[in-house]
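Each chain carries a letter (A, B, C and D) given by its place in the written order, and its residues are counted from 1.
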Amino acid sequence: MKSRIPHFSLLTVAAAAMTFAASPAWAQLKLGFNVPLTGFAAADGKSSLEGAKLAVEQANAKGGVAGQKIELVVYDDQATPKEAVPSATKMVEKDQVIAAVSGSYSGSTRAAAVIFQRAQVPYVVAYAIHPDITLAGDYMFRVSAMGEVQGRGGAKLAQNLGKKKVVLVTLKNDFGQALAAGFKEAAPKLGINIINEYEYGMPDRQFGPLVSKIKSDNPDVIYASGYFFTAGPLVSQLRAAGVTAPIIGQEGYDSDKFIEIAGPASEGTYITTSLDRDSDAPATKAFLADYRKATNSGADMVAAASFTATAVAIEGLKKTGGKGGAALRDAIAAGSYDMPIGKLEFNDLHEVKKDIQVQIVKDKTFRRHSVISDPVLLAPPTKAK
Amino acid sequence: MPAADPEVQTMNYEISLLTTMAIAVMFALSLNLITGFCGQISLGHATFQGVGAYTAAMLGKAGLPFLATLPMAMVLAGLLGVVVGLASLRVRADFLAITTMGVGFLFVGIVRQQEFLGGELGISSIPDHGLGRVGFMALALVMCIGVAALSMYIKRSWMGRVFNGIAEDEDTMRVLGIDVPRYKLAAFAMGTALAGMSGAFYTYHLNFIGAESFGFVESITVLSMVVFGGIGSVPGVIIAAALLSVLPAWFQVIGDYKLLVYGGLLFLMMRFSPNGMAGLAQHVASTKWFPTGGRS
Amino acid sequence: MNKQPSGAPLLSVDHVTVRFGGLTAVDGVTFDVHEGDLLGLIGPNGAGKTTLMRAIIGVVQPTEGSVSLGGESLNGLPIHQRIQRGMSLSQQLVKPLRDISMADNVALAAASEKTISPLRALLNVSNAQELAVAQYELQRVGIASMASQRPGIQPLGVLKRLELARALALKPRLLLLDEPLAGLNSQEAHALATTIAEINQQGLTIVLIEHNLGEVMRICQRLVVLDNGKKIGDGEPRTVMADPAVRAAYLGGDALGAAAAQGQPSLETHHA
Amino acid sequence: MLAIELIAQGLIQGSIYALVALGLTLVYGLLRILHVAHAALFTLGGYVGVMVCNASGNLAVGFFCAALVSGVGGVVMFRLAYQPLLSQPPYVALIASIGLFIASEEAFRIIFGAQGMSFTNPSLEQQFVLGGGLQFKLAELLVMLSTATIIGVLAWLQSRTRVGIACQATVSDPQMAQSFGISLRQVRDINFFVGSALAGFAGVWVALLNNLVEPTMGSVPSYKALAIIVLGGLGSVPGTLAAALLLGVIEAFGTIYLGDILDRNAIAFAFLIAVLMVRPQGLFARS
């Protein structure tokens, strides 16, 4: 009754061969990079990798650091802690990276942070916003605003737009929750009344029930957290059901794909981000042009943040002449940087205090709307807290 | 933070890999008890690893030492296992897989909403187990060997023989006077308790857990390990779990095609050797080198 | 050596009725089985024999009436508890466990004390004692030579004997046989029927459902005849078969009925 | 008024579930295989629909090609993957199907890119305002309409035509059907083709509703459809339709009123497990 199993020793031989493949290592300045190339976060991973590669290519074009070329050692962590731990350990031990950059989400970055801190390898985080990351230790740096800070920025924007009744639509992951926490913290101080909050999961694309409930709430403004692949459908379904209240999003929306998916419904959507398309700052303009030339697609927030994090690490290496460890940590901490996402300076918790760029979608592209720079409201947490 | 002396430091990668392997083997063997020995297909086994992981994390943060959280993790996971076992007894055989899958989604759906379990942010800054990296790995390996030995013992005992009968034909076993429901519950209880243990080790290995790490994908992965190794075959499951758990790390070199190869391997193994590696080894042994034929 | 019917019956079936929706498969059947009997339960197809057997073994719960073993009612008990109380069933469709040897199949039945609970089963490993019992039962049903082989490659006759050996290994007080001779040629049927008769003479009470009237007439001391769920005959084989109601209901008055009426079944009897 | 809208949204989501689950019910009823890779055909349909529609500018052609390609894909998957495994225990086909599903998701990502695809000019966007402020996109109305017509036609085919009866006979007793001269291979091919085509068709609808197809769009349907065929009672077309619509409505109300206790998937499976505890054979199956 057992089916005849054909002779298949080929399968066992193939499995054995896999185990011995190893990557050759040359004497170069190795910069580690963990990024989700597969799994649910692969879309952001792709942009993040492009941004980091661009920064390394530009640096190598200008002669690298102290005569050595910089090599980006890329690991796919599928945005999960289970993959991030072995990747980070391997980067530290086998590849002996001199510094590392995170182009991944919070879950994997938090797990990797502990390992880089213990190995005293400076770790510059692009867009993962969980507070625990910089709390892991003094070798950790973050170039984008934390979730709570962006949330508070969103509340300030709602006040600037003169809106009173707001409905929160929160993506159920740490990014969404941090943004909601920030918004709820600032709203009462700014006279904004949160009439309702709804949650949705990462795989959700159809928001019919949510949209109907929001329509019945009839808010002045909607503060909805998400990424372009959730926000695109959400915004178009809100408009399709006749909800006209303005929608405030965040850096997760910040990609041309959002406009492509939501189509005409995306017109007039506000987002709090740190990449200003109409910026006249040379660094931003140059980055937008170089990125389009390198990938013939528009840059998004994730690419800009990853480019910035990589560039910050490289500038630190330039200052220490290629030396890592504590010297590199102090060099990065002390530096001030003019990057595509704004002028950056690290506070004692190695968080950055920078303004929030408000963009608005006007005839199918992101345009500058305003800048929010309230030093008190947008102050990142410091070590003391 | 004093830098660990360089010599030990370079071994951390292998140590963490070995620990990951030991935990994965423990977890796969625990499912092998339920699905391999007793024939009850579970598509939600990661739930019980999750119960063990969260129990250990909460108790650990409350001050209990790691070794004290271990038995508690096993007891709680085992209890939930019995409850799910009881529920699954009411359901038709071919619905069992889908019911256990439902339990898996319920677990993730409930845990990620509870604030005291850390909600979406999960639980972090779990105190260190205090055994040192090498000591923790050694303990994981010892427990893993213990579970393997227990599995081999059960397989040779009368319980193993009854499980094998239930897996093939429940009705015949009832006619032989076997209390089939109680045996199924015993398999569920033991399997889920051991899964809880692997969960406790998982927590202290990664010292950060979230509800997403015990979802449907993980339940499918561990079931694939058992089936890939050869359902019911203890050595087969051990090898498959060890290999597949660190495959992503080895496959870094293929990078982009990692999951494609993993899915392809699963399909090809099932298509050409349904009894997994154990079946393959048996087939190769019985024809090529031992023409007298081992067990056909 | 006809057994004197002792006082209390071993198995008593009291007004058992089984209804599925509108259909009444078994209708108020009552009969007793005494220690040492070899009772034939016969009737045309669809008479309700198998349903009655399933009500006795517990696969089906009777709508009315009760079944009791050794004076103790079995109503509501699951199958395994009825088996543990001394009842044993050899199924019509033989289903041995295919990836273990014939001896192991029988040993599994012989280990009933050790497998009474999962914990006790966990604490017991050795099967030497059970393999000895298996060897004895296989020898008793005449297939000891194939003890170490797999059931998968055996002919139906051997599998039927394996089923019987497995039922005996449970050391039952009452053995229920559901059409053991079905599918066998006449020599195999005759040999197996003889074995069944010998086992009965060694003291085991047996209830036999069977279509092979020749063998049933030969080895059974008593017959119960069912038709459309009702009992229409109970007593000595010859007197029961002579009863016109039985012949009319059962055989529709064709040739075989005539032979039975002459009272000389062509096969010699084994009544010692 | 909100309740009406929630029911309507539930029916829209339910229609998509029905189209996906229907194919699965036909396959499971026939072969007792947990065909997880069925969701890969849903994704394939989505991609083909968008590409053909963008290229030809005609949505109907997109739908037709998607259903056709997915249908053929289903039959090929049956012949290559499941046919040889029919004699094996059920978990073998399950794991083979899961392997196929994982590989297909990755293949979509590698071939079509991780960022997903959208319609160059999305159609069926026109708004319909019904009484009481109810506002729907044309696509939302049409998905319900087309699901109802398709399932009506299918139910009619199953009960009135020779092919339909042959399919039902094969589901209840394959050996008996074969003895009546029904070619099992033909019936299985038809069922796989129709079931997979429906999944491809549903893929295009989801692409229209969200204006987005992505490699992982099949992950939710891959397990939710399994819950639906269990609820609907295996192999029964009306049962599956009813279960799919009911689950859609329950999820619609659940996400609003139970949102902070359970997430969307947990609601669906809590409902499934509750039903199975009360009626082990499923909601609509005869016991």
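Here, a contact is a pair of C-beta atoms (placed from the backbone, for glycine too) under 8 Å apart; a residue touches a chain by one contact, two chains touch by 3 or more.
Keep in mind it's a predicted model, so treat the numbers as computed, not measured.
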item: Touching both subunit B and subunit C (chains); value: none
item: Joint neighbours of subunit B and subunit A, given as chain labels; value: D
item: Centre-most chain [mean C-alpha coordinates]; value: B
item: Centroid-based (C-alpha) most distant chain relative to subunit B; value: C
item: Separation of mean Cα positions, subunit D and subunit B [Å, integer]; value: 31
item: Cα-centroid distance, subunit A relative to subunit D, in whole angstrom; value: 35
item: Separation of subunit C from subunit D, taking each centre as the mean of its C-alpha atoms, in whole Å; value: 50
item: Distance between chain centroids, defined by C-alpha means - subunit A, subunit C (Å); value: 75
item: Multi-partner residues of subunit D (each touching 2 or more other chains); value: 84, 88, 106, 260, 263, 265
item: Subunit A residues counted as touching two or more neighbouring chains; value: 1, 3, 38, 172
item: For subunit B, residues that touch 2 or more chains besides their own; value: 112, 256, 259, 265, 268-269, 274
item: Touch relationships between chains, expressed as pairs; value: A-B, A-D, B-C, B-D
item: Touch list for subunit B against partner subunit A, complex; value: 1, 3-4, 9-13, 16-17, 20, 112, 119-122, 124-125, 205-210, 212-213, 243, 246-256, 258-259, 265, 268-269, 272-275, 277, 279-280, 283-284, 287-288, 296
item: In the complex with subunit B, residue positions of subunit A that touch it; value: 2-3, 5-9, 11-12, 15, 18-19, 21-23, 37-39, 74-76, 78, 80-83, 85-87, 89-90, 92-94, 107, 110-111, 114, 117-120, 130, 132, 137, 172-174, 176-177
item: Residues of subunit D defined as touching subunit A within the complex; value: 1-2, 5-6, 8-10, 12-13, 16, 84, 87-88, 106, 109, 113-116, 118, 122, 125, 127, 129, 133, 135-137, 140, 206, 209-212, 214-217, 219-220, 251-253, 255-256, 259-260, 263-265
item: Complex interface listing, subunit D residues touching subunit B; value: 32, 34, 81, 84-85, 88-96, 98-107, 110, 223, 226-227, 230, 234, 260-263, 265-270, 272-273, 276-277, 280-282
item: Subunit C to subunit B touching residues, read off their complex; value: 57, 78-80, 83-84, 89, 91, 95-100, 104, 108-109, 111-112, 114-125, 127, 166, 170
